[in-house]
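For reference, the structures are reproduced in the following blocks.
In what follows, subunit A forms one complex with subunit B and a second complex with subunit C.
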Partner chain A sequence: MSEKGEKIICRCNDVTLEEIEALIDQGVTDIETIKRLLRVGMGPCQGRTCIPMIISIIARKTGKKPDEIKLPTTRIPVRPVPAGVLVGEMDEE
Partner chain B sequence: MRLSEHPILNFERIRGKEVTIYFEGKPIKAHEGETIAMALYAAGVKTFQHSIEKHRPRGLFCAIGKCSSCLMKVNGIPNVRTCITLVEEGMQIERQKEKPMLPKTMKPPKWKEPQRIEADVVVIGGGPAGMMAAINASDAGAKVVLLDENPMLGGQLVKQTHKFFGKREQFAGVRGIKIAEILQEELKKRNVEIFLETSALMLLQNGEEKLVVGVKKNKELVEFKGKTVVVATGAMERMIPFENNDLPGVYGAGAIQTLMNTYGVKPGDRVLIVGAGNVGLILAYQLYQAGVKVEAIVEAMPKIGGYFVHAAKVRRLGIPILTRHTILRAEGNEKVERAIVAQLDEKWNVIPGTEKVFDVDVIALAVGLRPSIELLHQVGCQIKYVPELGGHVVIRDSRMETTVKGIFVAGDSAGIEEATTAMLEGKIAGIGAALIAGVASSEWLKKIEEAQKELEVFRSGPFGRKVLEGLKKVVVK
Partner chain C sequence: MKSKAEVVVIGGGSTGTSIAYHLAKLGVDVVLVEKGYLGSGSTFRCATGIRQQFTDEANIKLQRYNIERWKKLSEELEYDVNFKQTGYLFLATTEEEVEAFKENIKLHNKFDVPTRLISPEEAKEIVPPLNVDEFLAGQWNPTDGKANPFKTVFAFARKAKELGAEIYEYTEVIDVIAENNEVKGVKTDKGTIKADVVINAANAWAPIINEMVGLDKEFIPIKPYKHQLVKTEPLKEGQIDPLVCPPAWNDSYLLQDGEDGGVLCGTGLEYGPTYDMTATYEFLREVLKWATKIVPALKYAHVIRQWAGFYAKTPDSNPAIGKINYIDGFYIAAGFSGHGFMMAPGVGEAMAELIVKGETKVPLDWDWYDPHRFERGELRSAAFQIG
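This part shows the complex of A and B:
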């Protein structure tokens, strides 16, 4: 595997630099849409690893300033949590 | 491998009773007080999962519960953050290989009413900023509760073996680990309720009232109701794109410090450090203290970013610092065996033919930090991109109150700086939060002013210039 040498941007969903660059080349330059198409930032870490790199990639490829690139919405819960903690089974009666 | 001798640290102190955990069915000896990830690493397990789509091996990365790299199946439950989950006798641990499923045979748990805690000030994060916020809010008359998702207080102080700069009242000459102990003692003296191993999942508002919903030990829901909240959630290590940047052995600098300085686990034998800022330089020295060889430090900038004293120390150890160099590729089967670096020209392009190979088993990334603002962003605080402060940060006033009334910020989550400034910001935010909660007298305004002056003095040096530029963009009033 070391010969292939992928550059992983999103670890949670295995998204590479190439895939993100290809999408930007097609004209998709906002994180929210990239997120919907490639699922970056939608894994257990909620974008903590990939989003800063994606901002840099968009800035480099489009010439936009990083402060013109909108962060995707942060939604709750901001940490991974088993669903059973939030919604347990109720008694039947 | 566990470290037993260290010039500064004594690990026997933190290693509790011996317990047995099971990795893929095989017994492993561990100690109470260790996290699962640390115990596995000490036993030679460096691959914690295979990624869900491409089945690539993954190991640690941040080691403070923020990335997803160490998620494993623990006692049948997938996606457990093993870097912040403590070992327990008989624990069954498995690598995740595909999209994890919840066990089909297990019944859903019964709904349990959450534990409900009420306070004037809720502090999220028990690092230098959070601890100082809690101490000062308490002194100002507030009932304070503090939560942190790590098993111990201190944040990143618990891994800092070097002595601090500054003034005597800012702990100059004291090692970070000692400062963490002092602040913990201070917290104990006050009536601050502390919840460890408790992650904040969301920050909600009902009128003026704030609600922090947390989960304790990944099992129990806890609700923290407060009049005001201080968010001191720190930062996360940055990753950079290079070939095989996800191979086990590529770790954040902080993760390496967690391994060797907090838990006494040897990270590897030969290390390449990427980044010659203060973090990279200090890490090089700490690795040397732990008996690990640092082959080189590479830095993409034409100049070393860190303080001269740190760079001089590293140079004296004979560690080469290669400026205008970058990492191209990590190589190895299942784990890092080599690092390929190359020189950069003035336009940041790789100069062909300058490739160098380092036979290393660890690549340490010290390429900067990014403020952890998720809770602040989620609750609706206004944010702004400020490169001088490490990325997106929240707009706030000189008392560290954000654009959402009653929500304060302090430390690295307010902008990347250092522990000394984090402590001062924590003090300001803690008192500010007590004032807005309506429990502190106006005399405390003086204490805020004092801390503001101390901050000003600390930032007046050449290294504060960048931070001051950044602060101009986000501090209103």
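This part shows the complex of A and C:
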């Protein structure tokens, strides 16, 4: 892993541009693997911020077209929900 | 793509990548094919737990050995797989369960697994936010643990490649070639690879591979059952380090992810047999009902993710590991019934040694896991399963 850089791409899990580029330079170019090794797109924002940027980074570094890069599965819930709301013991604030 | 190899491994999960690594380490020319990306079948969907607390000798002995492998795995693979010995804590809600725990503990201790009975007070010291009011005792083994499935598969694959293995992702096996009951190779959607040995490590999809080679799909009756997990936002570390499970509460369990501190919550509600992987709202409600009973403060934690994966179950919840006697050169390591990840290092080592040397130093009971036991109607006692 390279030194942590300054440009944060995934704000939920504090992943930097340098870390993503370093992984791609090691030959890991599949967004599914990048996602899981760096935990990008797996935080509370569900990848809304980082996934489009990561697609453009992969596209730039590998020469692929952005629309050739398949989006990882979106998980439910779409927005974070307190567990107490889901069991019916709390109201959502 | 290579057109020839000594061994082809079908399936790039923790089992397949471990087998490929161990074969490459023994100097075997090995190719692994995976229809999706590595880990995409079941490994990356698992709850990350690694335990020795089974209720039969074969699984306890194998897992006792595996813990030693896990402890040294990061060093061996030169990649941090984030293995942590944070323990497994089972909780009893009735006197009958406490008695059963005592029997389990005797069996564990006999095979050098240091499980012990603890009081609710001690359980609360280990898991501070635990609701101890409803529990009578705990069955606690601090030497069980958890690891990162993503990093483990990546590390096995990376090292295997360094040692000369070839790994083809997004490559689907469409036929296993056999002539006169001898394996000759595999046909994939990207080309044919000739090989005298083929290993079926496809777990939930293993029956499909067995059919390709001409075996009846009920010969090893592995069925895919959909299980699910829910994950909360990251919480302060050290709250729920061990896997905590009151088996009487529908096998519900929870533990903090060893990477980011989010809480993984599972329960026994399953669907199937099915290859459908859609997450269900019914599960979300059910799992949180139990999770918030075990740790009431979880009510205030936000749920951020839910996903599904398969327990590739056999009728006795024990995997089928070994040689298929009907077809020379055809082997299987599949049907792990929810235990594939935790068993992967030792199973990969044992399979590689079986193929190269005809025997293994791994304490893996080949008779117990015999793939032919189903057709003989010899089921084992059910492997203790959670979730």
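What we mean here is this: the second predicted complex is superposed on the first by the 82 of 93 C-alpha atoms of A that agree within 3 Å, B and C clash if a C-alpha of one lies under 4 Å from a C-alpha of the other, contacts with A are read in each partner's own complex, and residues count from 1 in each chain.
The criterion applied here is as follows: contacts are C-beta pairs under 8 Å (C-beta built on N, C-alpha and C of every residue); 3 or more make two chains touch, one makes a residue touch a chain.
Here the structure is a predicted model, which means the values were calculated and not measured.
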**Prompt:** Now for A:Pro52: first (subunit B), second (subunit C), both, or neither, which partner does it touch?
**Reply:** first
**Asked** A:Leu71 contacts which: subunit B (first), subunit C (second), both, neither?
**Response** first
**Request:** State whether A:Leu17 touches subunit B only (first), subunit C only (second), both chains, or neither.
**Result:** first
**Request:** With the two complexes superposed on chain A, say which partner A:Gly63 touches: subunit B (first), subunit C (second), both, or neither.
**Result:** neither
**Asked** According to the contact criterion defined above, which of subunit B and subunit C contacts more residues of subunit A?
**Response** B
**Message:** Taking the superposition on A as described, I'd like to know which of subunit B and subunit C A:Leu37 touches: first, second, both or neither.
**Reply:** second
**Asked** Should A:Glu6 be classified as contacting the first partner (subunit B), the second (subunit C), both, or neither?
**Response** first
**Request:** Jot down the residues of subunit A that show up as touching in both complexes, subunit B in one and subunit C in the other.
**Result:** 13, 43-44, 46, 75-77, 80-82, 84, 86-87, 89-90
**Item:** Residues on subunit C engaged by subunit A in the complex (per definition of touch)
**Value:** 37-40, 44, 150-151, 154, 169, 232-234, 259-260, 279, 284-285, 288-289, 291-292, 298-307
**Prompt:** Quick one: in the complex, what on subunit A touches subunit B?
**Reply:** 1-2, 5-9, 11-14, 17, 43-46, 48-50, 52-53, 55, 57, 66-67, 69, 71, 74-82, 84-91
**Fill in**
subunit A partner, complex, touching residues on subunit B are 51-54, 56, 58, 61, 65-69, 71, 77, 79, 81, 102, 107-112, 149, 199-202, 213, 215, 218-221, 236, 238-247, 329-333, 337, 370, 372, 374-375, 377-378, 383-385, 387, 391-392
**Message:** Quick check on the complex: what are the subunit A residues that touch subunit C?
**Reply:** 13, 30, 32-33, 36-37, 39, 42-44, 46, 73, 75-77, 80-84, 86-87, 89-90
